[in-house]
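Naming follows writing order (A, B, C and D), and every chain is counted from residue 1.
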Amino acid sequence: MKTGNEYRESLRKLNPVIYFMGRKIEDVVEDPATKPHVNAVAQVYDLAFDPAHEDLFITTSHLTNRKIHRFTHIHQSQDDLVNKVRCLRAAGQKTGTCFQRCAGWDALHSMYLMTYEIDKHYQTDYHKRFRKYLEYVQDEDLTVAAGVTDPKGDRSLAASKQADPDLYMRVIKRQDDGIVVRGAKAHQTGAVNAHEILVMPTAALKSGEEDYAVAFAIPIDSKGITQIFGRQTNDMRKEENSFDAGNTKFGVVGGESLIIFDDVFVPWERVFMLGECDMTGYGIEIFACTHRQNYGGCKTGVMDVLIGATSLLTTYQGTKKASHIREKIIEMVLLNETLYGSSLAGGLTSSPTESGAYVVNRLLANITKQNVTRNLYEICRLAHDIAGGILATLPSEKDLNDPRYGHLIEKYMKSVDHYPANDRMKILRLIEAMTGGTALVEAMHGAGSPQAQRVIMQRYAELDAKENLAKKILDIE
Amino acid sequence: MKTGNEYRESLRKLNPVIYFMGRKIEDVVEDPATKPHVNAVAQVYDLAFDPAHEDLFITTSHLTNRKIHRFTHIHQSQDDLVNKVRCLRAAGQKTGTCFQRCAGWDALHSMYLMTYEIDKHYQTDYHKRFRKYLEYVQDEDLTVAAGVTDPKGDRSLAASKQADPDLYMRVIKRQDDGIVVRGAKAHQTGAVNAHEILVMPTAALKSGEEDYAVAFAIPIDSKGITQIFGRQTNDMRKEENSFDAGNTKFGVVGGESLIIFDDVFVPWERVFMLGECDMTGYGIEIFACTHRQNYGGCKTGVMDVLIGATSLLTTYQGTKKASHIREKIIEMVLLNETLYGSSLAGGLTSSPTESGAYVVNRLLANITKQNVTRNLYEICRLAHDIAGGILATLPSEKDLNDPRYGHLIEKYMKSVDHYPANDRMKILRLIEAMTGGTALVEAMHGAGSPQAQRVIMQRYAELDAKENLAKKILDIE
Amino acid sequence: MKTGNEYRESLRKLNPVIYFMGRKIEDVVEDPATKPHVNAVAQVYDLAFDPAHEDLFITTSHLTNRKIHRFTHIHQSQDDLVNKVRCLRAAGQKTGTCFQRCAGWDALHSMYLMTYEIDKHYQTDYHKRFRKYLEYVQDEDLTVAAGVTDPKGDRSLAASKQADPDLYMRVIKRQDDGIVVRGAKAHQTGAVNAHEILVMPTAALKSGEEDYAVAFAIPIDSKGITQIFGRQTNDMRKEENSFDAGNTKFGVVGGESLIIFDDVFVPWERVFMLGECDMTGYGIEIFACTHRQNYGGCKTGVMDVLIGATSLLTTYQGTKKASHIREKIIEMVLLNETLYGSSLAGGLTSSPTESGAYVVNRLLANITKQNVTRNLYEICRLAHDIAGGILATLPSEKDLNDPRYGHLIEKYMKSVDHYPANDRMKILRLIEAMTGGTALVEAMHGAGSPQAQRVIMQRYAELDAKENLAKKILDIE
Amino acid sequence: MKTGNEYRESLRKLNPVIYFMGRKIEDVVEDPATKPHVNAVAQVYDLAFDPAHEDLFITTSHLTNRKIHRFTHIHQSQDDLVNKVRCLRAAGQKTGTCFQRCAGWDALHSMYLMTYEIDKHYQTDYHKRFRKYLEYVQDEDLTVAAGVTDPKGDRSLAASKQADPDLYMRVIKRQDDGIVVRGAKAHQTGAVNAHEILVMPTAALKSGEEDYAVAFAIPIDSKGITQIFGRQTNDMRKEENSFDAGNTKFGVVGGESLIIFDDVFVPWERVFMLGECDMTGYGIEIFACTHRQNYGGCKTGVMDVLIGATSLLTTYQGTKKASHIREKIIEMVLLNETLYGSSLAGGLTSSPTESGAYVVNRLLANITKQNVTRNLYEICRLAHDIAGGILATLPSEKDLNDPRYGHLIEKYMKSVDHYPANDRMKILRLIEAMTGGTALVEAMHGAGSPQAQRVIMQRYAELDAKENLAKKILDIE
């Protein structure tokens, strides 16, 4: 297993092509745009060396029986899917932001299940290939980015009906030694600082769309891959090197990028699906459900930081004991723990599959996600309510330090006397960063999708059965 | 273990004094006012003989190693507190209403813990007495009513400051052979059809209020006990013997009564606390938290029936496929499963005590209860929205059967052609009964109490720690 | 104009056929089932003689220039549509329940507009006929029931496609002297105690459904009309003659009935539409919007009583000064006034039609209704939360008065010392009655209908225009 | 009256001292940090010359009978307070952001009322002075910034108990020709681009705090005034000169600043209160209520732009016809119009004062504000839900225009074929800007304050009266 610093070292050996704001990012470890996101992943690596967390973050590979970082493990029990949530909360508490490594974890899990199922139906050998790949990832302790969401173009049209055929990832050539793919994956978390990318289809495909039914894994710096790093709320503040950035260490979001595959070669041993359209629906549902459970872990950890920050601010401002403040803090806690509850329960009620791996309770995973998208806004609203207008109008750190008038800001930004204005301003910046636009949107992605609703409908163990409960009570035939 | 019918038989041997509407209820098993509530408890007994549920409802006594009904078991593990929730949901699904036996179960659990703690502090022998009593309850498979809530008079005054000293239960005499108590317990569920009542203090008491710090158990037909059976929404319909009562088999609420103790004698071996004021806070918190977890089980089961009934109604009315109906049903499911999630999680994260028994995660138990009080109203609102105005204006079954004009009601109350008007009317009556005033109120009791809020505040594993998370990220000392 | 007592007298002269619970109601003024609803309408009559309200309740007929009761007036200005809301709130405050007379008022208003429009398109003379009828209603100060909602059978089928052709009201014969109609109107408010019924189509009809496009007015006791009075929550308590009924004077709902037209003759001068299918959509939208505005008036008045009752209860129980109680009362007020605001604004922004009559702002009318269906549940939830479990388990008045044990109830139901248990129990019964099933459902009817949503969509003054606002700011063509 | 350009010219003649990010802003009209806010105010000036809006924006001074811009008018009728809301909505629709000029308007209104009341109690002549000042403001068509919110230091301490006596604005010297003041006003909207600032106390003061009871008006570039312009979400994007700033023309917030008064001289004719502590409560309540009504106007206009932008995005993305999208748009409309309704109703039910000026219905004004703080978050949440993850991860305009790889972004950011990626990206940036952190917080300021709650409690026309309604129905004495 790698330490955070070994992870940083390993990144330095890669040469991904990444652009941002019209410039090329040469060193993801040190570039101010990407550094916080590298730090957040490094923190996840380091948690496996932290005596207080190692029990949770280190586990045993079912492939090799060797000790591995849990974030490369395939869930083998209900306990595993409960411990996943605990890990995510712990990492959220430590970083106060998205630590990025979970999407790839979920992709590994989904491909493990999907390759097993494809082989069963088609007598292919994807699963064997995939296990070999997984063993490599586990042994090298690699961070794998998930490549799932295609740009999708016109949402009212299927993959194969788009004006531009590349708006969904597709195979454009089949060769003796492998395949060539073209397309893009949009807003992928933690790819600029990953070692590998694991690509899978984003939607259920129909017969006739075989070229789009492709899954594979390759190094993130493979020839033909170009990443455009996305903008974030207040991204320019990262370059100011000031506390105005809010969470200067770990950033405020996951560091997403648009990943373009401009005719990229993939060798056969890294191809895990090719043309099995009827299995894509299963795969994307497994991935989506596995991932949706996570939000009740990571976001509750992150919200712990926000609740703590807000409570600290009331100490600084002298409002801590007011009953209306106390009730709002309680409400924030209630909204947060509700998410944690259904996420844990999703693990507790997970089920085994034929492959040996466990699948989260899909109903509860989707419930969790739906509630996250509601509760987070309400928590942020309450944080704003408690913080007050100053949150939106605070002077910059540069102004605070200006020799001409900085003392005036110091004077008037002081609140309860023995706390320095500097600390109050820092905590306000953190709250601002954690409750701003981008951070919120991130949690929302895909929440209200008809797919999520369909899963809820299907997984609610048959409405008919529930109807029968009523009939039985009433003696209706 | 008893079957439902054996339970009925055992009730017939008791002679409790119960009044309702100015008359004495002579036979609780057959009286229309109480029969449905007896049926609901009988159903819980029968579930232990139901092959589909016996694994869940039968367990092993940690006292005797004998097979017992789970509803008399003291939780010995996280699994026990998870299985409790599963049992409650199953029973809720079978009865579609409050099945009453859980409050006494929770009281047994709380007294088990409390007697252990009191003995530890005071070198008393309550715990030994209590274990003996528990063994009796388990072996006889008795239904024990909880006697917890005092009338409380003026809520702004403590127990000992009330104008009438009896507004909280108290000891009025200490004798060689036992004690004499006076007072009342208000709105106690399932007492008219219980075998025993287990009384404990309702609030944290202060030094000087020793007479009020009393816990004990006695047969429900002990001399001096008078019960006044409470009114329920549409209670008179039970006497009509028509489907207008909604859930004619099991009733729509728990069948609560006001239980008056007019100088009742309790022998020493049944006294489990006397004068230890400083332990009352602990006891009531354990009881409240244990009980609050339940709502995510029983109510979700009951709501399964309601969701099923509502869905069935859309079949009858021809609206099942409308997208706005489907979205409302999904929302009902989402609100319901959210409750189940945190209730299960409360069991999963429960902790052992020195006595060996486990205590539910108190934070999650209270989160569950708070959410129940919100979500149930929203679920009912959606049921009303889907059912439409007919729910509030439906003619009676008597009218439907009237030889003069019943055919006109039949004609105009028909909806989708091949479903009889009779069935549609029955399902409407069930929905009406399940969403009406009394049923709603029942779930609300104690929800917004400062005590519940205090527990949330205390159990949220220290705000300070959360504040430190924020400080750490910011390098604030 | 009539006084309340003159209204009662006039009802006694009619002979409507009404059944309830298998018996015929011979005297609607005195029968316990209908008396409270008669009282509520009588109260509306009396408000025109109340010096504090006469300015609001008396206005001048635009037809005759004579003084008339506002509830028969056709709105001629924005002020009229604002004053309507004020009247409704005042009547709601006085009765604490549905006072029934507004649905007929809205039907008069809608038919006034609709007949004008039909004449314009078809050169018919319905409007002239209708003005003559209106003059009669105004001069005699009659209560007119609206007959709008057909049973509708299978909701997925149109009027003419039902298995039974009578599930929507239709003309079955056209004669020299008039027409003969068959069908029913379901859950119509205040028809058992009305003088007349004004019938109009319930839905937009298509070409080929001419027989269903019929509107007319006739006396409520016309030959062939049979009413089945609907059940209400706790309806049997009205016959007990006890305060357990909650609002014993005015009832807790509107007193709805199923009105069956078994081949009823209507003379030509009372026919206001016949066969103009393409106008039915306009008519029902006008009626629905006019009626939906009302809820921000009547329900806010009724909720004033509930908020008052709940606040009074906290006085009796000694919780009035607790900060969490105060916050809940504030929230109830906030939810209630929000409804009033949009209802008033709907009048303020109403528009004139060619007929001279004004039409409410349809967007705001629908917003009001949607919010009513949400806010009322929340208000009731808060009332339940404040009242506590006693609301669902209170002994009966009969028990309180029982010579054997009534003193025990008196003793234990007392709260703050100087308020009698009797008053506390009465106020609890009122809250129970006002927040129970039926009362809630009543407000919900039709709320989430696609029709209501369509109106919102259409009336939101063109999304395109809003899109252009955004384009303009961005200089997008 | 001034045009927008004349307003810009007039600003150029002033010399306010403004710092931002460690540099001095020399030209507020052109500096990228402040230019959008100048533009927004200029737009309000121009609306008086826009034929479609002049009727609303031009009115007649009650002082001089001359035509004036409505934003300097003192409300003389219910119509005025209704038209205020209409003006605010129109300006919000035109600018899509805070147009800043209303806070000063409200301050003028409040001081008009407050000076009248002070004179009545103290026989002072503030009102005469103030009318002279108002006439000047009206004739010159000046933009007046409100100076209301003091830094307040430790919120648990009164003005005079702070460790630093300057944390509330105070008089430090009384001279023959005027007074000298010291202190600061925090997060004041639209002060950097105002002509004048009108200062009033922020809180109800007690006897002994006379030095803090001071109100006055002076030019914004008076000697001793230093402004620190506050940071905004994504403020650095304004300097990039790209569409990434979202609303590049008018900005996304109001342009707030911290205004420091470092011993500033005020001549007597501009002093409008000095030492009358007992009147400060009245003044701040009038200001707060007047201002809170506004949010139902300005924010609904701004949200019209957001709803339009979101709807436009669904056109670009091909999701417009999906039923779940349509329901979300309807919900956004519903939430928005609810605010407008209570704001209009607040004007409709406003009342005259002895001074002739009208005061908004304080209950409805506070209801409006409370609802704004809730509904806006929900509207933003829905906008995020509809927009999807791309909102949080969009590449920059600079990247789009990069000659090396810009074509790839163009290719993959296209959605429905005939709309350019450029337009889709612009609309996404606008939505991002309008729903981000700072913009949200702005609306929240002061919402949950105990003061606002107190107003609701007091203005709910006496709970006692409501209690009596219940008593009357029940014949309770």
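Here, a contact is a pair of C-beta atoms (placed from the backbone, for glycine too) under 8 Å apart; a residue touches a chain by one contact, two chains touch by 3 or more.
It should be emphasised that the depicted structure is a prediction, and the values quoted were computed from it without experimental measurement.
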Chain whose Cα centroid lies at the greatest distance from that of chain A | C
Comparing A-D with B-D, the busier interface by C-beta pairs is A-D
If you average the CA atoms of chain A and of chain B, how far apart do the two points sit, in angstrom?
-> 41
Distance between the centres, which are taken as Cα means, of chain D and chain B, whole angstrom = 51
Using mean CA coordinates as chain centres, what's the chain A-chain D distance in Å?
-> 37
At which residue positions does chain A touch at least two other chains?
-> 324, 327, 453
Please name which positions on chain A make contact with chain D in the complex.
-> 19-22, 149, 151-157, 163-164, 166-167, 184, 186-187, 226, 228-234, 236-237, 244, 253, 256-258, 260, 262, 317-319, 321-322, 324, 328, 373-374, 377-378, 380-381, 384-396, 398-399, 401-402, 404-405, 408-409, 411-417, 432-433, 435-442, 444-448, 450, 453
For chain D, which residues are in contact with chain C within the complex?
-> 82, 93-96, 243, 247, 249-250, 304-309, 311-312, 315, 326-327, 329-330, 333-334, 337-338, 340-346, 348-349, 363-364, 367-368, 370-371, 423, 426-427, 430, 453, 456-457, 460, 463, 465-471, 473-474, 476
Would you pull the chain A residues touching chain C in the complex into a rising list?
-> 323-324, 327
